[in-house]
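This is the structure I have questions about; it appears just below.
Each chain gets a letter, A, B, C, D, E and F, in the order it is written, and its residues are counted from 1.
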Amino acid sequence: MLASEFIEVFDAYCPPALAEAGDPVGLHIGTLNKPIERVMVTLDIRPETVTEAIENKADLVIAKHPPIFRPAKRLNTDNPQNKMYADLLKHEIAVYAAHTNLDIIENGLNDWFCELLGIKETSFLTKTHELDGKEYGIGRVGNLSTPLNLNDFAKKVKKDFRLDGLRLVTQHPEKLVKRVAICGGSGEKFYPDALAKQADVYITGDIYYHTAHDMLANGLSAIDPGHHVEYLCVPKLVELFNEWKNEFDWSIEFIESKANTNPFQFM
Amino acid sequence: MLASEFIEVFDAYCPPALAEAGDPVGLHIGTLNKPIERVMVTLDIRPETVTEAIENKADLVIAKHPPIFRPAKRLNTDNPQNKMYADLLKHEIAVYAAHTNLDIIENGLNDWFCELLGIKETSFLTKTHELDGKEYGIGRVGNLSTPLNLNDFAKKVKKDFRLDGLRLVTQHPEKLVKRVAICGGSGEKFYPDALAKQADVYITGDIYYHTAHDMLANGLSAIDPGHHVEYLCVPKLVELFNEWKNEFDWSIEFIESKANTNPFQFM
Amino acid sequence: MLASEFIEVFDAYCPPALAEAGDPVGLHIGTLNKPIERVMVTLDIRPETVTEAIENKADLVIAKHPPIFRPAKRLNTDNPQNKMYADLLKHEIAVYAAHTNLDIIENGLNDWFCELLGIKETSFLTKTHELDGKEYGIGRVGNLSTPLNLNDFAKKVKKDFRLDGLRLVTQHPEKLVKRVAICGGSGEKFYPDALAKQADVYITGDIYYHTAHDMLANGLSAIDPGHHVEYLCVPKLVELFNEWKNEFDWSIEFIESKANTNPFQFM
Amino acid sequence: MLASEFIEVFDAYCPPALAEAGDPVGLHIGTLNKPIERVMVTLDIRPETVTEAIENKADLVIAKHPPIFRPAKRLNTDNPQNKMYADLLKHEIAVYAAHTNLDIIENGLNDWFCELLGIKETSFLTKTHELDGKEYGIGRVGNLSTPLNLNDFAKKVKKDFRLDGLRLVTQHPEKLVKRVAICGGSGEKFYPDALAKQADVYITGDIYYHTAHDMLANGLSAIDPGHHVEYLCVPKLVELFNEWKNEFDWSIEFIESKANTNPFQFM
Amino acid sequence: MLASEFIEVFDAYCPPALAEAGDPVGLHIGTLNKPIERVMVTLDIRPETVTEAIENKADLVIAKHPPIFRPAKRLNTDNPQNKMYADLLKHEIAVYAAHTNLDIIENGLNDWFCELLGIKETSFLTKTHELDGKEYGIGRVGNLSTPLNLNDFAKKVKKDFRLDGLRLVTQHPEKLVKRVAICGGSGEKFYPDALAKQADVYITGDIYYHTAHDMLANGLSAIDPGHHVEYLCVPKLVELFNEWKNEFDWSIEFIESKANTNPFQFM
Amino acid sequence: MLASEFIEVFDAYCPPALAEAGDPVGLHIGTLNKPIERVMVTLDIRPETVTEAIENKADLVIAKHPPIFRPAKRLNTDNPQNKMYADLLKHEIAVYAAHTNLDIIENGLNDWFCELLGIKETSFLTKTHELDGKEYGIGRVGNLSTPLNLNDFAKKVKKDFRLDGLRLVTQHPEKLVKRVAICGGSGEKFYPDALAKQADVYITGDIYYHTAHDMLANGLSAIDPGHHVEYLCVPKLVELFNEWKNEFDWSIEFIESKANTNPFQFM
């Protein structure tokens, strides 16, 4: 089967047209015009992921974070970033990125977060697109079936995401949490919508010190579980791909990247 | 004594000319042309600090983070940021900021960090100024008298800064740490100098996920203790001000802000 | 009664949405969420107006010229501009600005100018908005019931506006004036529309020397009565507010600012 | 004699290198490579000046205000500005402009203003150039031999410049004027230097309403005699040129433009 | 007859609204408000064309290339470009330009190219406008009735355009040419459309070395006949104008410029 | 021997610091940290050059034109440009570019042009650098020992460069040529210096139609031999490299690229 045939199905599920403006989703490295047997799914493209892809003899890698963030002015391979590109090209491993479109689509990453944490009756946090008369948005806001106080809810987040640590932003750790907003990645810029939609807490990664102050000044509590919780997309996409495999009777092997690309350890 | 007389001594110690270009240090709110009796020192100007300053009947506040980051287009007091400005003006509390100049000067915040952590033989991390034939720089790099492995060193950082948590970026937690680079605040952009100056680890706050990947790709380990470790400047400045009080026989009372403005709690 | 209730009525008459793009109309200083008893109306916010507002115990000031033209990077009160903001905040006097929206709305400032000068059958000079299928514009153009020669008309303008001087731009002081264009403030950029709409003379303030040459080269005569003729809005707004007071049975006192803020005296 | 020979002498007196950056001084229209017999001096190039130059059979016009302010995208002669260019080219009348260099040089326009008003012991207002170890500046500040109160001094300015009106900006018309700053043209942006150099009053043209407020807020009084007082340069340059005529034994006739190009009449 | 009456007919044929955005078509020099007897048509306005227009006593010149490409900051006539403007103004010769609109309109220059080369069944190359529900575009693509190999077709182009040389870009000089794209002037930026529309060869002028490489890399052959082939518009416009002369019974004489303005000779 | 050792010698001859600002010279693809046995020299990196380098088992390619002109946003190999990069990386062929520095250095490409054409007593055309007290410049201007008329000189250029055609820009083909300016590549922007330095003709590639008109208007004749004459650097560099090989006793094989990358054929 050709890589392009697989991507056709993937794009129908997760359309590039639903990415944020300027977000470089799609084919980054290599070609889709070739047969594939092994597809690896990963959060990041890092040296250890490239090694893993080579060892797994992957033909195609699906990545959540686009590997070429800054256009390459040079391809000198003493630079570790360029070295990764060269290794992928040398081993003819194509890389295809789904980034904010995976945060926006229905049955996408933010929905999987809600499912994991027991957040129900969800709608999007911030509107991003209108397509064929239907509205789409990034992030989600919804309700807990059983309200918890904030401290206990933060512990639940830590346990459900299997984190070794998280950062809590609040002046009222005992307040009851009923309504939760969430946005994977670094969603701090959407916090005014969390306020407007009456969330009791906002879960998002990489909150900056002075933004945390702004949140507190506006009476919003927040949980920062880091950026790496997006790893959840790896097993979920593999699960979804295996469903398609059955449905369409494909003979492709789908592989979860096992390399841990979380750069942070909590102490 | 006039506020301006006190600031004259303070500016000689911590010259505004040694701040980074565009950093808005100096008088932010009120006037220096008035007598003062009580000076409060704080890391941030937040609603709780303003309350504290009012209760302490402070005439002047020295802050590490400039309170007006974004020029005020309006002064409508329904906005909590503007409300703080109005309360300070109403109670005639002047605010004076020393920011990156305090990170750069000798016997300044980064030196106090080194002292606390036992880092010796220090020089600056990144050159920023040349003044009267002398070089100045931000951050410090120096050596531990007793090398430790990285894990143990990170624990020492956590203990010495009394943190409830920190983030470690490394692929080699067992490596021996002899040479340490440090920069208070958000110093991630200076990491290439930490590499160039052979630091075994770089301590700085607010490291972004993708920068952490770049650090690892370049073989640099890092410790992110957050942005709030800068609180150390509060007792240290008060200590220094009291020395001046004795030396110059001032009758001013110097007060440490006790309000905790750290927006993050680790779990 | 709350300030916000009064402003709701005022905004219905003079919608902020009808201001020029980027014109900073609306609440500038303080809050509308408070009871009011005394409202002062002024053209400019200057030190003498602030003194007057304090003496009058005004709770709210309506100003034609927005007091914060340049965003405030500092609030150091040695600067006379910042001193005014501090005094207003200290005395809890809110300031609300209606600027170009008052020049554009029907039954607004330019209409009052026409009424004063006997200009009839008016329409707008330059279209600015289309709202709910209706067109709005700035300035007015209309006809005199009794044509006058230009010299006599200029004398009439001087007398009606009670000016101590004005500037006349013409090569034909004896020409008959039937059709008049007018725009309060500094409206020199709209002069091509005065030409296109066959005005015999264009009345507007602050005409620049080289623009005056351009007007003459294009055969347009002009009268520059200065910028301060906009003072007319002060008694007219107070008159209007008192009508509302009767209509809605308010117990607010409306006060005309008497401070003369015209910076120019003619000799 | 060639136009270029005359201009060589003129440029030595009034070097183009002493104009403000970007000020388009020098040859604007025609050529200097031709014999000349009649040179006309004018403040502005306007249709009536062009007519006058044609009637006077001038070969060269020296103008204080550069005739091409905005680069010409078209030369369609239905536009009155382009028509002037075409008429000058058709009659082979060259135009050469000295603008801010004439405001800056020693024995230039601002010095002539001081001479006229009896201002002595002058130095420049705002430094603009350093050339061959010598400093140059625009505007002048100096002292009156006999102090006058401001009202009387303004009357003297009106009389000496033969104005039909001027605008006075002050809150203290009775204050004594000893030290005067002056800058021809539109010099409002230099007012902070008038303050810094302890001027009791600042004379400059085209002051904008809101700048007049800033001047008052800073305690500076000002006199705005308009932009056309620069006309003084016309007789003064002709006088100077006739001195050169005697000195170098030239047979050129120098003509003062008599066309009144002041677009404003005071009423 | 007035120039404006002639231009009214011309504009109906070749509407300025169909020029590319920013293309300075229309009246460049002089006025249309005058009687005309002789109209000259030219490709370029160069010194020799101006001489010719003067000798022919032309009242109006129609030019394909707008004479004022860069706005004139000065009109000093020692500069040869300004000298041409001065000569035209002096002799009251108006200049009117039709540029890309002549490349876009139906029965315009690109259609005349197709006619000359036997290209049939044409449609535009690149869409530029949508006007009154109709689409317009620049360049043309169409088919040869008799396919030729590329070498022979290039020889035909050279012969039909009477060129002394041309440049061929190909890796397959023997390939059969059936479908041809063409765009007068410098149309290299439209080459992706020639590819998309399956042209076997693309004819356009002034191809840059590195663009030629890009064309080859994408498998496109090209013929560069230079920029001067646009001269074809001169006899064709005169032919068309003479048809109108008959139709409307005008007494104007239409003149082809004979000056050769091709700056290049091939060797 | 390492590639870096060879490049050290090459850089001493042709310093990157002597390239024009922003010109991306230096290592573009691969690494210099590897042993080399075969070095190929080429003008352009095109698909046929890459094929040739692979067949020649080259380890390093020295190219006159930098292969990455536009930073690569993607490395999808369906794009022929990216395909070249991938093939080079896959075969571990490094690419190093010397571009305008080779046009500027002494004993560089422009000097080889002069040698070929018999131009003596040369100096640079346009100054570009001052380094260690010495001036450097791009292009050359010098004299012919035997003056020729322009037509004959153009024929000599065509013959010496073995061209199938060239373009001549002149109004005086019979004029005598004694002094010649030359600049490889596209040097049309330097033509004012050719004028200033009294060249009778200027040789440079890719002259644009409207620039050719400007040259003629200024009385300058020009010869456009195309961009590909720079191919001369290929044999000259290989000759130079073989001299170094003898001098330093290297065992590297130096190979001239034989692929013809000239995209143009003259007809």
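The working rule: a residue touches a chain if its C-beta (ideal position, glycine included) is under 8 Å from a C-beta of that chain, and two chains touch if they have at least 3 such contacts.
These figures come from a predicted structure and were not determined experimentally.
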| item | value |
| --- | --- |
| Graph separation of chain B and chain E (steps between touching chains) | 3 |
| Interchain centroid distance [CA atoms averaged], chain C/chain D, Å | 34 |
| Where chain B and chain C are represented by their mean Cα positions, the distance between them in whole Å | 48 |
| Rounded Å distance between chain D and chain F, as computed from the means of their C-alpha atoms | 54 |
| Sequence positions of chain C contacting 2 or more other chains | none |
| Chain-level touch network, classified as line, ring, star, complete or other | ring |
| Order in which chains appear around the ring, chain A first, chain F after it | A, F, E, D, C, B |
| Chain E-touching residues of chain F, taken from the complex the two chains share | 44, 46-47, 65, 69, 80-81, 154-155, 158, 165-170, 173, 186, 205-210, 212-218, 224, 226-228, 261, 263-267 |
| In the complex with chain D, residue positions of chain E that touch it | 24, 26-33, 68, 71-78, 85-86, 89-90 |
